[in-house]
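First subunit A sits with subunit B, and in the next complex the same chain sits with subunit C.
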Partner chain A sequence: MFLQFLFISSAVLTVSCALGVLMVKNIMHSCVFLLGSLMGIAGLYATLGADFVAITQIMVYVGGVVILMLFAVMLTGGNDFVSRAQNLLGLPASMGNKWTYAIGLLVGVVFLLTNIQLIRGLTKALPVKTITNEFPSTVTQIGHLLVKDHVLAFEMSSVLLLGALVGAAIIARPRKQN
Partner chain B sequence: MNQTVVSYLSQYEFYDFLLALFRNNQGVLAFTLYLLLALIIVGMCATIGGLGTYAERKISADLQARIGPNRVGPYGLLQMLADGVKMMTKEDIMPFTADKKLFYLAPLLCLTGVFATLAVLPFSSGFIMADLNVGIFYLVAISSLVGLGVFLGGYASNSKWSMLGGMRGASQIISYEIPVTISILAIVLLAGGMGFGTIVGRQGGLPHEWFMFHNPFAFIAFFVYSVGALAETNRAPFDLPEAESELVSGYHTEYTGMRFGFFALAEYIEVFVVCGVAASLFLGGYNVPGIKLDILPMQAAQFVIFMTKTLVLYYVVIWIRWTLPRLRVDQLMSVCWKYLTPIAIFNLMGCAIWMVVFNGKSIAELVLGSH
Partner chain C sequence: MMSLASYLIISLILFVVGIVVMIARKNIVAILLGIELILNAAALNFVAYSRYVTNNLDGHIFSLFIIVIAAAEAAVGLAIVIRFFQIKETIHIDEATQLRN
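On to the complex of A and B.
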């Protein structure tokens, strides 16, 4: 009962806010709708019992990505995009020509067929599985997996993040006056 | 596992009585209890936030050898109600060029983020809305909505002061989240869990059993956390987003009436939450010294202990505000990135090494011998 309520409300929030991102003309409003959509996805994770992933979703996307997006939009002009509906060459903006429409249609059809293929197996009666778990919480489980099975990926991503950090420091460093 | 306040209450006899009252409908009863307790906690914390404004004025008056509010009620205690009525009856002004939807949304985001953190704040071992096993992580994550509210408030007002205040607020909150989170991580390492029940349960009532005095690194981590938390709640000496001498009053310059009240209330409740987290992570939380019983009156004692610790920290926060001058923006950023963050990482590694070398024993256990 409660899980169904959580699932339906999260799903409605996710989809409606995702539509909002596309429909709204103002780019700041788009960012705020994106916030709602990402919160909805966190709710979907919570429905699945993945509490750690749900919180990480909020932490990373709401606390980090959306704020950085708002910053970027504000520093690069923000609301001016609404009134200036032109493309880069100064021509009136349009959705594309016949070739872009054809390619878009093709991609859409392929995507739809792939999704149908994926979903087809799931529409039959689902066996109810009770998940047996030897760990007391998902946090413990993720911790164990990260330092046992996936330790290489874990360490490599930490090296990648260190590289990004050093790169950002080098870019932001003031140039020497020669 | 995830414990909740309802699962705690269900071990007592009156729960069965209530269950019979609800015709054995477990779900409806749980929902009703949650709703009631959530209303109680939100009401209580809103009152504490309101009293916080009174305390702020009274303590600042004390520090500056003034009298402070003393006209409304005994000792001016009802000043908060008078302020509330004043705010509600004020005209709600919307700037002509403001982004209206975001202007309405921003104070609500601030307040939502703060109220959502109350769900995991451990008032006592039973009176904690939901003892999630990702408790402290949830608190850190959901409180980032406050930063978003501050930023959007600054943007939507469409004035230069607000814009500057909002940008300062967002950058400050994001930056100081890093040393604060790393300091919290050091404590999570000591406790071996992220749930508040686990963290507080591993500590004792007496000071030598607190995590603050567990090892030298945790001791430093407490001060790193305190400084970072002051900055995250936009309190002086880090109140640059609303620096009234430079930015009029920053991100809420254009807000009037109760919308401004929401921002102010969110700030005071957030200070309370941050102090509560400091009390439960570092200062032993709700543990009553010397007694370990699991009876209902014990909960009241635990509640009193928790509140005492939290309100003492609250006093210190106000005391700091009226003692120290404000920092500059560049000083603020260099304090965060050049000092606090490296110290916090050093503390984290120190705690990890301590746990391995001394097998998780605290200083007191090493000195007094294990028990």
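On to the complex of A and C.
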């Protein structure tokens, strides 16, 4: 019961905030809507029994990435480049014309078709798993998996983060104009 | 109510919204917001399949690596955006034409 309440509230939060990212004109408000959407996804992870992923999502995304985005918006002036003309949804024309939404629709249909094929193939191959409402903690198992099966990806991601950090510092460094 | 299909539909909505944001917006930071939405849709799919189809935690591991790579991508992307703003004094995507020709 609580799980269903959490699922419904998280799903509504996720979808409505994602639509807010799409519809809102101000880029700052868009960032705040993205924050709500990521919190909703963390709630969905919790309903899937992925406690460690949910906490990591909140810590890294909400605490790191969105704050970084907000800083970038503030440093670059927050101009959102909207025009006076309107498109078919009543939004400014710079937020997409009919081709944009046609491409979005096409992508959605392709995504749906591939997933339908996947679900059909998987339900034929595997027996339906019984779903319980109690989740064991996954932290210990994830820790074991990270240092046993996936240790190469783990180390490579640490090198990637180091490279990204140094690269970002070098790229954003102020240079003298000559 | 809480089945694999409902998670896939949420992920589908996130993915399509991310694609439309990425195509439609003219602000480079807004394009990065669309990329974040797409990455989250993929990670949600991984965790949902890991719960409802397989019994192991490999989907969780994949989702964690997606989060790590998204953080690195956001850091480098925003550094590029700030550098671009220092040079061009705008972040309109149509101004990024240095590599043309």
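Just so we're on the same page, the second predicted complex is superposed on the first by the 113 of 178 C-alpha atoms of A that agree within 3 Å, B and C clash if a C-alpha of one lies under 4 Å from a C-alpha of the other, contacts with A are read in each partner's own complex, and residues count from 1 in each chain.
Definition applied: a residue touches a chain if its C-beta (ideal position, glycine included) is under 8 Å from a C-beta of that chain, and two chains touch if they have at least 3 such contacts.
Since the structure is predicted, the reported quantities are computational estimates derived from the model, not experimental observations.
Asker: Regarding the shared-chain residue A:Phe111, is it in contact with subunit B (first), subunit C (second), both, or neither?
Answerer: In the superposition, A:Phe111 touches subunit C alone.
Asker: Determine, under the contact definition given at the top, whether A:Ile171 touches first (subunit B), second (subunit C), both, or neither.
Answerer: Only subunit C is touched by A:Ile171; subunit B is not.
Asker: On subunit A, which partner's contacts cover more residues, subunit B's or subunit C's?
Answerer: C
Asker: Touch test for A:Ala102: subunit B only (first), subunit C only (second), both, or neither?
Answerer: neither
Asker: Kindly classify A:Phe52 by the partners it touches after superposition: subunit B alone (first), subunit C alone (second), both, or neither?
Answerer: It touches subunit B and subunit C both.
Asker: So, does A:Gly63 touch the first partner subunit B, the second partner subunit C, both, or neither?
Answerer: first
Asker: Check the residue A:Val151 against both partner chains and state whether it touches subunit B (first), subunit C (second), both, or neither.
Answerer: It touches nothing on subunit B or subunit C.
Asker: Go through the superposed model and pick first if A:Phe2 touches only subunit B, second if only subunit C, both, or neither.
Answerer: first
Asker: A:Ser137 contacts which: subunit B (first), subunit C (second), both, neither?
Answerer: In the superposition, A:Ser137 contacts subunit B only.
Asker: Would you please give the residues of subunit A that touch subunit B in one complex and also touch subunit C in the other complex?
Answerer: 52, 56, 64, 71, 79, 138
Asker: What residues on subunit C touch subunit A, complex-wise?
Answerer: 1-2, 4-8, 10, 12-21, 23-27, 29-30, 32-34, 36-37, 40, 43-44, 47-48, 50-53, 55, 57-58, 60-61, 63-65, 67-76, 78-83, 85-86, 90-92
Asker: Residues of subunit A touching subunit B in their complex?
Answerer: 1-2, 26, 28-29, 32, 35, 51-52, 55-56, 58-59, 62-64, 66-67, 70-71, 74, 79, 136-139
Asker: Taking the touch rule as given, give the residues of subunit B at its contact with subunit A in the complex, in rising order.
Answerer: Residue list for subunit B touching subunit A: 1-2, 27, 99, 101-102, 105, 132-134, 137-138, 140-142, 144-145, 147-148, 151-152, 155, 167, 170-171, 174, 177, 193-194.
Asker: Tell me, which parts of subunit A touch subunit C in their complex?
Answerer: Residue positions touching the partner: 3-4, 7-8, 11, 14-15, 18-19, 21-22, 27, 30-31, 34, 37-38, 41, 44-45, 47-50, 52-53, 56-57, 60-61, 64-65, 68-69, 71-73, 75-77, 79-81, 94-96, 100-101, 103-105, 107-108, 111-112, 115, 119, 122, 126, 129, 131, 138, 141-142, 145-146, 150, 153, 157, 160-161, 164-165, 167-169, 171-172, 174.
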